[in-house]
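The letters A, B, C, D and E name the chains in turn, as written, and every chain counts its residues from 1.
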Amino acid sequence: ACGGARSSDGGQPSGGSAAQQPSGGAQAPADAGAEAPSAGESAQPASSLERIKAEGVLRVGIDASYPPMEFVDEDGKTPIGFDIDLANAVAEKLGVKADFTIIDWAGIQAGLLGGHYDVIMSSMTITEERQKEMDFVQYLTMGIAYASRPGVEVRSDADLDGKIVVVQEETTAQYYVEDLMADKGIQPKELRSFPYATDAFRELANGRADVVAIDAPVAGYYAQLDPDQYRVTGFAEMDPDPIGIALRKGETELREALQKAVEELEAEGVLRELQVKWFGDAAGQ
Amino acid sequence: MARFIEHTLNILPVLFEGLGVTLKLTALSALFGTLLGLLAALARISRNPLFTVPATLYVNLFRGTPLLLQLLFIYNALPQLGLLIQPFPAAVLGYSLNSGAYIAEIIRAAIQSIDRGQMEAARSLGMSYGLAMRRIILPQTYRRLLPPMVNELSALTKDTSLASTISILELMKYSSQFVSRTNLAWQTYVWTAAFYLVVTMTLSALASRLEKKLEARG
Amino acid sequence: MGEPIIVIEGLKKSFGRLEVLRGIDLTIHQGEVVVVIGPSGSGKSTLLRCINFLEKPTAGRVLFHGEEVGQRLVNGRLVPLPEKVLDQQRARMGMVFQRFNLFPHMTALENVIEAPIRVRKLPRHEAEELGLRLLRRVGLADKAGQYPNFLSGGQQQRVAIARALAMEPDVMLFDEPTSALDPELVGEVLQVMQDLANDGMTMVVVTHEMGFAREVGDRVIFMDGGLILEEGPPEQIFGEPRHPRTREFLSKVLH
Amino acid sequence: MARFIEHTLNILPVLFEGLGVTLKLTALSALFGTLLGLLAALARISRNPLFTVPATLYVNLFRGTPLLLQLLFIYNALPQLGLLIQPFPAAVLGYSLNSGAYIAEIIRAAIQSIDRGQMEAARSLGMSYGLAMRRIILPQTYRRLLPPMVNELSALTKDTSLASTISILELMKYSSQFVSRTNLAWQTYVWTAAFYLVVTMTLSALASRLEKKLEARG
Amino acid sequence: MGEPIIVIEGLKKSFGRLEVLRGIDLTIHQGEVVVVIGPSGSGKSTLLRCINFLEKPTAGRVLFHGEEVGQRLVNGRLVPLPEKVLDQQRARMGMVFQRFNLFPHMTALENVIEAPIRVRKLPRHEAEELGLRLLRRVGLADKAGQYPNFLSGGQQQRVAIARALAMEPDVMLFDEPTSALDPELVGEVLQVMQDLANDGMTMVVVTHEMGFAREVGDRVIFMDGGLILEEGPPEQIFGEPRHPRTREFLSKVLH
């Protein structure tokens, strides 16, 4: 129940992004593309899909601190993970290569909107707020899990009360806990946020904090990695959120191409394979 | 324009909250850093290698490596070596050690810039080294210390922008949070810059006023 | 001639490989005014600074009231005295520097009373009384509250003399006390020094002021290349110098 | 011990790769920063407000705000204002602008520390201001520039540890990625510190050798 | 008496509210040696520096060869001349400073030939010939390759004189050229200046060396408080000074 492939009837809110009217991205080419989505407009600059194809590179922004979704190999530098494999597969569908830009999560959206890369494939949850700025192509769903330090049992939202809670900054897990605090009166002893998910788990390991709230696959990864230090003791009381590829608004052609690629990968069972590869048996039922 | 004003009204309270933390962290670190720096400076100019060697190592180590690395070492590596420090104290420790190394060099330079004749005159009157340092040399360094110390204080203020890596919520972190939630990058950054500028410019202004006052004596 | 106050025996001083003093023997007696002259670099300042151990002699010894200053020869090696002992010896030798070296963050009076209060442990009011008396003696009673930077060079040097006198020293060492002064201000400082000599103070004075040397000096020492080449009463040194270097030097200085 | 050696063998190649980027970024930024700094310094000491005002604004702005903010502004805010710069050029721009402001003050201080009599002597011989600056004043600043410029170069080297926030993979980023992957915090940080120290100490050593050479002339 | 080279009329100079020159009128003729004396702070240096516009006069004017130096009165306002014109005027007035101000990063010869090459645009070999000739003239032919810091004060000052002469100036301005020197080194510099005077150079010399003033000066100017209080031939000024301030000053200086 904590992570699953996008299903056609899955938890996508409002069928959202695909139907959304293009409302202007940050870049002039994007704007132009938005107003004239048909590729036939010779007077307009090439759409971003055309540019990607011309360059032969799909530039992908990732926060490489989020195992097993995206992290670095043991050499300390090569990006690996579910999203990396998926991005490579998607790029292949577009007939190009994926090129990864590693950037802090808190700045990942600004980097996309600024035009430093074409898409974000970094387990980004599709939220209403984010949809105001970006379009999405969904490919997974994820819930939020609570990973506790040995001796602490956080089973439910209410159990966060009085605990030192750690999150990665500017993630939906942080927003979720903040909402609990604001709306449900749950009062953690402290809500501590770090740039990287790996920092959050280190807090558990050295006992400086009680619980990490984070996307379930990541919690599961750590629990598997070192069961003595990390245990998944509970889940946020919510429906799994949709996860998607983020792109600038109005790049309709690109969005459609990505959508098509994801659908094909799902149909071919690739998505499923990747889940098994990266989440193991526990994943994606 | 109306939107800009609206954003501003949203941004300012957040930034003010961050500024408070920034100032608190700066002030505490400056305090401990100055004490540490004074000790290290006196140790370095002494002629006893029992003092000079560790002081020199300390100063070179902390001036020779990035602050970010120092913060991460204190926060992430010390627990592995058995020393667990909470975020805010860890930040204060890191910034104090770092600024202490710089302040040590500032104080040392100031002491060494005092004419050798001052120490000689004091010693020739029968004053001991410690007495001469305390009554004659150090008081004369104050005016010379002022500009570099204010620089260091400014540097410290700006450097606290790294504290978010160890989960301290200060001005810069609030600022980047706001950017990530609203996507108002340049507006937020301009306001954030203004906040830092107000602090650093106020420091310089206070310093130059104080300097004039000290100068009045001749 | 009084008792010997300072006895210098076989004094040598090198800076690295530069031999600056190459064997000085000199005795200074109670109440005597010894003037040291010689070309630049001949070692005059170094001699003075060795007397109160601002420079550490490389060989030989300096006796002050019969006691070795700063270090003692033990089994053929020079061993430093405890700092406390040295401080006490220095307290009894006043020194006046070419560049005054007043403490700029203290008023004239504070300059004068600092050491009496901290070193001699005089109560503040006694020290102030003493300080004002000395400032009056150097003609600066009205400048007690002034900071050094607001005083002329001549006034500063007179405060420096008062400061040294405040330790009630047995001997005063002067290192070119007037050569940083505007020519018009030289006179006032020399006058104070002359008064001091008349009052019987033992003095060693390095100076280029030949008038002063002639009038006030009891004995003139001519140094060159780290050695005393000639010494004698001023009439003899200035009237009939024996050493050719002395003659050459005097002919240049008395142009 | 065997494990430590094994870790070391794993860490070193990664750190070397990061060091390469760090050095390249430092060198380019130092080059442009020095050019910028020289111009800004000359502008600030000129008596023409058309030069002094913008130069002063530039220097104060970049010395008064955190480097991190400057980098983020260039990377995230400039594109919103229509100027998209690739990460590495953006980093070089940010570091050049930042170090340029500090170097401007270094050069200005050095020029102003040259005895006024030098300029007067040159002018009294009929040299123009520019000629006197070029032939008489600036050459005399070299020796005085050396220590603060080396400091600035060290600072720049260390500051490149922030470049990862704008997606540059340099020494510090490789180091912290290695830590997050292997959890060998202190071992990795110690090696990283050693890398930075080697750079900063080499710089000081070169500088003091160069200084001695320049001093030989008297 | 030759032609007037420098004519100073109603020259005033203030620094903020401090009036340093309060109306100076003075004419200097071709071949004349004018010696300026006076107490510290009387404005001697400022007068000299106004002549070649190192200080900008507040009022009045300085004419050099009949042309205004540095600025011109236009409709009652002082308007600066183009920098080029000023540079050319300065090139024809040599100045020698109290603190030598040699360029420390250049050898003695380089110091001397820098301006001839860059300003007078002499070919390097010609400039070097000239430079060596001038260094010989001041007795330093053997020091051409030496850096200033390895020269004594007196040697440095002689190089500075050669440097000024290398522009072949019509007048030489000296601002206390010997007062930063050790007493023994004063003579060699005065000798060079005396030779220069004998060769007919027009000179304005601020100095405290009364012997030089008496022997070499054609005219002595006594300044105090920013005014010329007395002027006349040396015999008169030193022999029977009229103004009481002159008498007071001379009595102090000639102790």
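Basically, a residue touches a chain if its C-beta (ideal position, glycine included) is under 8 Å from a C-beta of that chain, and two chains touch if they have at least 3 such contacts.
None of the values given here were measured: they were computed from a predicted structure.
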Graph distance between chain A and chain C, where chains that touch are linked: 2
Chain whose Cα centroid lies at the greatest distance from that of chain C: A
Identity of the chain that, by mean CA position, is farthest from chain E: A
Contact-richer chain pair [D-E vs A-B]: D-E
Chain A-chain B separation of Cα centroids, rounded to whole Å: 39
Centroid spacing, where centroids are CA-atom means, of chain B and chain C in whole angstrom: 45
Distance from the mean Cα position of chain E to that of chain A, given in whole angstrom: 80
Approximate Å spacing (C-alpha centroids) for the pair chain B, chain D: 20
Overlap residues in chain A, where contacts from two or more other chains coincide: 107, 110, 113-114, 199, 202
Where chain E touches two or more other chains, by residue: none
Multi-chain contact sites of chain B, meaning residues that touch two or more partners: 76, 80, 176, 179, 185
Touch-based graph of the chains, sorted into line, ring, star, complete or other: other
In contact (per the touch rule at the top): chain pairs: A-B, A-D, B-C, B-D, C-E, D-E
Sites on chain D touched by chain A in the complex: 10-11, 13-14, 17, 72, 75-76, 78-80, 82, 84, 86-87, 164-167, 169, 173-174, 176-183, 185
List of chain A residues in touch with chain D within their complex: 26-28, 64-65, 71-77, 101-104, 107, 110-111, 113-116, 196, 198-199, 202, 205
Interface residues, chain E side, partner chain D - complex: 52, 54, 83-84, 87-88, 90-95, 97, 99, 101-105, 114-115, 118-119, 147-150, 160, 163-164, 167
Complex contact set, residues of chain B against chain D: 60-61, 63-69, 72-73, 76-78, 80-81, 154, 158-159, 161-162, 172, 175-176, 179, 185-186, 189, 192-193, 196-197, 200-201
Chain E partner contacts - residues on chain D that touch it in the complex: 115, 117-118, 120-129, 131, 135-136, 139-140, 217-218
